[in-house]
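In C-alpha cells below, several structures.
Here subunit A shows up in two complexes: once beside subunit B, once beside subunit C.
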Partner chain A sequence: MRPLTDEETKTMFEKLSKYIGENIKLLVDRPDGTYCFRLHNDRVYYMSEKILKLATNISRDKLVSVGTCFGKFTKTQKFRLHITALDFLAPYAKFKVWVKPGAEQSFLYGNHVLKSGLGRITENTNQYQGVVVYSMADVPLGFGVAAKSTQECRRVDPMAIVVFHQADVGEFIRSEDTLT
Partner chain B sequence: MAACSVEQLLAKAEAEEAEKLNSITVKKELDLEFDIGNLLAFDKNRVEVAVFRQQKKDEFLLALARDNTQLLINEIWKQPTERVEEAIVAKLPDPVTPLPREKPPPKAKPPTKWEQFAKLKGIQKKKKTNLVWDETAKEWRRRWGYKRVNDGTKEWLIEVPETADPNEDQFAKRVKAKKERVAKNEFNRLKNIARAQKGKAPGLGLTPKAQQSKDELARAVSVAKSSTASVGRFQDRLPKEKPPKNTGKKRKFEPLIGNFSNEKQKQLELLQVMDSKKPKMDITKAVNKQMREEDREEAAAKYKKGAGKRGRKGNMPGKGKGKGGKGKGGKGRAGGGGGKGRAGGGGGGGKKRSKPGKK
Partner chain C sequence: MGRKLDPANKVKRGPGRKAKKQQGAETELAKFFTEGDHDVLYFKISCRKIYLHVFVYRFTDENSKWLKPAKRKRKLDEPESEDDSDEHWEEEDEEEEDQEQQLQKRGGKDQGKKNMEKLGIEEEEDNDDDDDDDDDDDDNDDDDEMVDDYGTKDDGSGEELLPIERAAKKEKKLKKTMALDEDDDDEEDDDDDDDDDEDAKASDSDMDEQDTVQANIDEMDTFRLPGAEEREKEGLLPLDLKTIHQRIKDNVDVLCNFSTKREPGKDRSDYLSLLKKDLCTYYSYNTFLIQKLMDLFPLSELVDFLEANEIHRPVTIRTNTLKTRRRDLAQALINRGVNLDPLGKWSKVGLVIYDSSVPIGATPEYLAGHYMLQGASSFLPVMALSPQEGESVLDMSSAPGGKTTYIAQLMRNTGVIVANDANAERLKSVVGNIHRLGVTNTVVCNYDGRQFPKVMGGFDRVLLDAPCSGTGVIAKDPAVKTSKDEADIQRSAHLQKELILSAIDSVNADSPSGGYLIYCTCSIMVEENEWVVDYALKKRNVKLVPTGLDFGNEGFTRFKERRFHPTLRLTRRFYPHSHNMDGFFVAKLKKFSNIIPTVPAEKETPEATTVSESPDEKPTKSDKTKNIVPKKAGSTQANVQANGTSAKKTADTKPKGKKDIPAGPKKAKIPKMDGKTKKGSEAKKPAVKTADDTKPLKAEKKEGSRFEKKQGKKRKTPREAKNRMGKNKFRKLKHMLQKQERE
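After this line comes the complex of A and B, so read on.
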C-alpha cells in the first residue's frame, strides 16, 4: 500500500470530476474524519485513517482490500472507475439520468440505455458527460456516459442509445470474483 | 672474628651470585629450538603426567614459562646488538619457520575474449622481435613506438579512393578512425575486467559512441555530475537545467501514514488548479443557448404566420425547443424548426406531449 503520486491523483480526480464535478472537495475534506486514498496492487482504496492504521498490520501479500475500492489503474496508467465507488458518486452526482422501470433490468444486465427507456435526464447535460443512473424510485443503479446531450435526447428516435453503460449494481453478482 | 665475618660475607655474596646465575641459567634435559626471527622458542621436554598431577598446576606452569622465557631472552642477547636512541636493540635474523597464508590465495582470472578464442582455435603466441629491418632507411627500426617502421602519421600524401567523397579530409578521417579503435580497445579491456570481477561494465551511454540518443546523453551527464566526492551535491546547474526527477531504479513514494493535513492540502490545491483550468464559459452551452434563441424566434415567426391563417389557438408551449448539438445545428434546425413550428401552431395548448422533461 502506498499513497498516490501526484500524476496518479490528478488522473483519478479528473475521472471523478467527470461524474461529481467540484464535489470531490467533499470527499477529500470531510467534516466527520480524515479519509484518504491509498494504492494497493494498482487499485485505489478510499478509507478513513483509522482503518488505514489498522491495515498497516497486515502484510502486503495477504491484504486483499481496504475501505472502498474506487477503481484501478490500468497498465498504461489510465484510471477506471468501478461500481464499488457508486456509494460515493451517487450523493454528489451533478448529472443524473432516471430510467423507466421496464428498462431497469436491461441496464442491470449490462446493456446501454435507449431513448425508449429514458425517464428523466438533468437539463444541460453535455454529450459524453459522466452521469449516474437512477431508477424511478431514486435508487442508484450505476453510472455511465451520456451519449447525447439533453437537447439531442429530445429529438432522437426511440431506439437510439442515450447513455453508454459503464458500471451497474448487477456487476456485484456478475463479476463477483474480480471486484475487491 | 673479622676474618670470620669477611668469610661469611664472601660466602653470602657467592651464594647470592650463584642464586642469580641460577635464575639466569636454566637446566633442561633437551635444549630448546629457537627461531629468533619470529621470537619463537620450542620446548620439546617431556612433562611426566604423574608428576604434573601431584604439583600445584599454577605454580608449575608459571615456573615453566619463566624458564623458557629466560632461555629465549638468553638467545636474543646472543644476537648482535646496537644502540638506537638510548635503547639497546638486538638485530634479529631472518625467520626460519614458514607461516601459513593470512588470506586465501587469489583465484585464477577468467580468460579474456581473445584468450578464449585463441584456445578454441589453437592459436599460439608468437614471439616477435622488437627491431625490424627498414629498407627505406637501411637500418633497424622498432616495430612500434618512436621512429617505427610503418608510421601512418608521418605520411604527407594519402590517395583519395575511388568511392570516397573528394571533399572529405582523409587525414582527419585517419585520425578519427585511430581514435575510435583506441576507444573500442579500451572499452573491450574494461569489459574483460568487468567480466573477470563479475562486476558491471559502465552503463549504456557512458562510453562515447558515434550517435548518442538524448536520454543516453542525459544519463551520461547525470553520472558525470554525481561522480564527485560529495556525490554531486554541490555541483552547479546550468541556468535552464531542470533537477533530475528520478534517475535511480528505485522509485520513492510518500510514506504510507504521512502528514494527513499536508496530503489534504495538496489534494485541495490540485483540485483548485484543475478548476481554474476549466473554461469559465461553456462553449456548448453558449452555442445551445444561441441556437435556442434563434429557434424560438423562427418558431414565433412561423406561428404568427400560421395563426394568421388559422387563427390563434393559444400560446405555444413556452419551452424553448433548442436544437442542441454542435454539429447538427444548421440542418436540423431548419427542418425541425419548420416542422415543430407548424405542429406547435396546430396543436396549441391542449395536446400534452411526452418528452424528456426538465428537472
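After this line comes the complex of A and C, so read on.
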C-alpha cells in the first residue's frame, strides 16, 4: 500500500470533480477525522487514518481491501471510477438524474437511460457532464454521463439516449469478481 | 304370515311400477351373513320376469381376495351353497361394488366404466325406481356375454389382459395381502399398546408385532429383491417407505415406554438397532451420523430433528441500519410484492420473508444495500458479541460477510474491523457485501486464522465462527448426511481448538470496554462445541460469561463419558426443530488476563493453583529424565514454544511466586526443558526465548513494552548457553563410566 503520486492524485481528482465538483475537499477533511487515499494493487482505497495504521501491519500479498475502494488505475494510467464509490459521490453530487420506475430495471442491467425513462434532471446540466442516477424514491442507482444538456433533453425524441451508463448497483451481482 | 325361506325363490312382481311385493326371508337372512361369504350374481334372462340366481362362493379365509373357487358353469337355478341362499336384492349393491373392485384393475377399468355407463343408460330405459333392477338389467346384458367366464370375470376384464399381466396382478394381490397382514399386525399392536390393562396381551401382541415385523423384515428382504423391479413398475415403492415410517413411529413408541411396552424376549439394543437401520433408510443418513444424533437427542426429539432437516428454514433478511430503517424497508418491500414479518421479539433488524413475487436477492433495495440475506442463527453471535462504537474487532472467519457487516452497523461505522478469511475466493463476497452495505471501517485480509496474534493482536473483541462439520445446516446441504464420519469431526475439532487459542491470544484482556471472544459454530456436535470451549478454558486465562441471549438450550456440562466445566451451562445451543433456525452453538468468553499459561498447565484460575501444583510437578520430573541428554534441550524448548500457537511467552508473575516447591534446590540446577513453568528458577529463563519473544512482540503495540520490561531480567545462564550438563549429572555419569571401566 502506498500513497498516490501527484499525477495519480491529479487524474483521480479530475475524474471525481466531474461528479462532485469542488466538494472533494469535503471528502478529505471530515469532521470525524482525516481520511486519505492509498494505492494497493492498482486500486485506490479511501480510508480513515486510524484504519490506515492498522492496515500497515498486514503484508501486501495478504491484504485484500481497506476501507472503500473508489476505483482503479488502468494500465495506461487512466482512472476508472467504480460503483463502490457511489456512497461518497451521491451525497455530494452536483448534477442528478431521476429515473422512472419502469426504466429502473433497465438501468440496473447496464443499459443507458432513454428519454422515455427520464423522470427529472437538474437544471443547467451540460452535455457530457458527470451525473448521479437516482430512482424516484431518491435511492442512488449509479452514475453516468449526460448525453444531452437539459435543454436538449426537453426537445429530443423518446428513444434517444439521455444518460450514458457508467456504473450501476446491479454490478454488485453481475460482476462481483471484479470488485476485487 | 311368516316369511318363507326359499333360496330359489323368485318373487314375482305384479304388474305396474310400484308393485313390489314383500320379500322373502332370504332378505332378512342376508343381514346375518357377512359380505365376504359369497358373491351373488344375477342374471336376468328376459325383461324382469325370470331371474337367475347364481351364487358364486368365495373362500372365507384371508386368501379370499386372490383365491377363487374353481370355474364351473353353474346351473342357473341351483344355488349349490352350504349357506342358505339368499335373495339379495339389497345385496346387489355390494355385489356391484365387488364387481367394481374386480373391474377396477388395470385392464378392467375401462370395462368397469363401460359397465357403469351402461348402468346409467339403462336405468332410464327401464324406468324403474328400483335401481337394483336396473343394475340387474345391465348386468344381464354384460353377463350374458360372460356367463361362462367366471374366472376371468373375477380377475377383471380378462379379455384385455395378457397372461403375463394377469400373473403380475396376482403377484400384486399377493403382496397386498402380505402388506395387509403386516398392517393388521401393526394396527393390532397400536390398539393393544393403548390398552394398559392387558399387559400380558400387550406383550403378546408386541411379540407378535415384533415377530411379525421381524418376520416381515425377512419376508420383505427376501421379497424385496425379486419384487423390487415389479414393485417399481407398479408404483408401490411409496408404500415401502410408509411402512418404514410407521415402524419407526412404533419403535420409538415402544422405546419410550420400554418397561410397559417391551416384549420379554427382546432387549433394548434390538429395538435400537432396528430403529437405527430404519432411520438411515428413511432419512438417508449414514450410520455414523445417526448414532451421533441418537446420543445427542432423546428419541422423541430425534424424529422431530430429522424431520426438520428435510425442510428449509424460512428466508430471513437483516435491515442495514446504516442506510435505512426496518419499517421503511418493510414498506418498500411490501410495495414490491413481498410478504414479510418481523423476525421476532429478540431482533430489531430481522425480517422473515414468507413469499415474494420478485427475487429477494435482486431488488433495487438489495442492490442499494438496504438489507442483507442472512440466516436467523447468524444474528445471534453478533448480538452476543455486542460491539461498542470505537472498538477494534476481529472477525476471524468472515466470509461471506454477513456477520462482519452486522458488526459494522452496530458500531455505526466507527472503530476498526478486521475481516479475515483463509479462503481468497470467498473473500470477494466479503468485499462485495462490505461495499454494497456502505461499510467503511473494515480491513479485509487473507490469513490463516491461526497466524493471528502474530500479525496483529490486542483487539477489543474477537468473533470466531469456526469452520465446522455443518451438522446444524443439513437442511441447506443434504450432502452432510452421508459424507461425514469420525475423521471429519476430529479434524474439524482439532482445527477449531487451534483457532480458538489463536483467537484468545488476539484479544486484549485489559481493554477498557471489551476483552470478549465469541466462539460459534453451525454444528450440533459436542466434539466441536462444548469440548473445544472446555479445552480453551483449560488452556488459557478465560472464563465463560452469559451470552445475553435469553432463548435457546443450555450447553451440555457432561456428555457420555466426558465432563466439562460447569460454566458450560452459559453457552447456548439452537436447533432447527425447536427454534426454527439452523443448528447453532454460541459461547461468550471473557479473557481476564493476558498471561498465557505455560504448557502443560492446568486451569490457571487463582483458586486452582493448589490443584495445578501437583500436575505441574509431574512434568518437571519428566523434565529431569530429559535432561540427561542436554543437546535435546533446544529442540524440546522449540517444541514447547510451538505448543502455544502464539509466541507471547510471558513472564510469570504471581503464580510463579506461589510455586516454591520443596524440590526447588534440585530443580534449580537442572535446566528446564520448558523454562516457562512457574517452578522457581527465575534465573533460568533462557535467552533464546527472550529473543523469540521480542520479535513478535514488537508487532504488538500494547503488550510489547510490558513484556520487554520483565524479560529484560532474564538472561541465559552461561551453563545453558553452552548446553552443558548439571553438576550432579556429571558426577553420576562419571561414576557410571568408572563402574564400567572396573567391569
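In this text, the second predicted complex is superposed on the first by the 180 of 180 C-alpha atoms of A that agree within 3 Å, B and C clash if a C-alpha of one lies under 4 Å from a C-alpha of the other, contacts with A are read in each partner's own complex, and residues count from 1 in each chain.
Note that a residue touches a chain if its C-beta (ideal position, glycine included) is under 8 Å from a C-beta of that chain, and two chains touch if they have at least 3 such contacts.
All figures in this text were calculated on a predicted structure; none of them were measured in a lab.
Bringing the complexes onto one copy of subunit A puts subunit B beside subunit C with no clash. After the chain A superposition, the centres of subunit B and subunit C are separated by 100° when viewed from the C-alpha centre of subunit A, nearest 10.
Once the two complexes are laid over each other on the shared chain, residue contacts for A:Ile51 go to subunit C alone; subunit B is not touched.
When the shared chain is aligned, subunit C comes close enough to touch A:Asp87, but subunit B does not.
Using the contact criterion defined above for the overlaid structures, shared-chain residue A:Thr180 touches subunit C, although it does not reach subunit B. In the superposition on chain A, A:Asp42 makes contact with neither subunit B nor subunit C. In the superposition on chain A, contact of A:Val169 is made with subunit C only, not with subunit B. Taken over all C-alpha pairs, subunit B and subunit C come no nearer than 16 Å in the superposed arrangement.
Subunit A uses no single residue to touch subunit B in one structure and subunit C in the other. Residues of subunit B touching subunit A in their complex: 253-258, 260-261, 263-264, 266-268, 270-271, 274-275, 282, 284-285, 288, 321-325, 328, 332, 336, 355-359. Contacts from subunit A toward subunit B in the complex involve residues 1-3, 5-6, 9-10, 13-14, 17, 22, 24-25, 28-29, 34, 36, 38, 49, 52-53, 56, 96, 118, 120-124, 126-127, 148-155. Note for the complex: subunit A touches subunit C at residues 32, 46-48, 50-51, 54-55, 57-59, 62-69, 84, 87, 104, 108, 135, 137, 139-141, 169-170, 172-173, 176-177, 179-180.
On the subunit C side of its complex with subunit A, the touching residues are 332, 361-362, 364-365, 367-370, 392, 414, 416, 418, 424, 427-432, 434-436, 438, 440-447, 455-456, 699.
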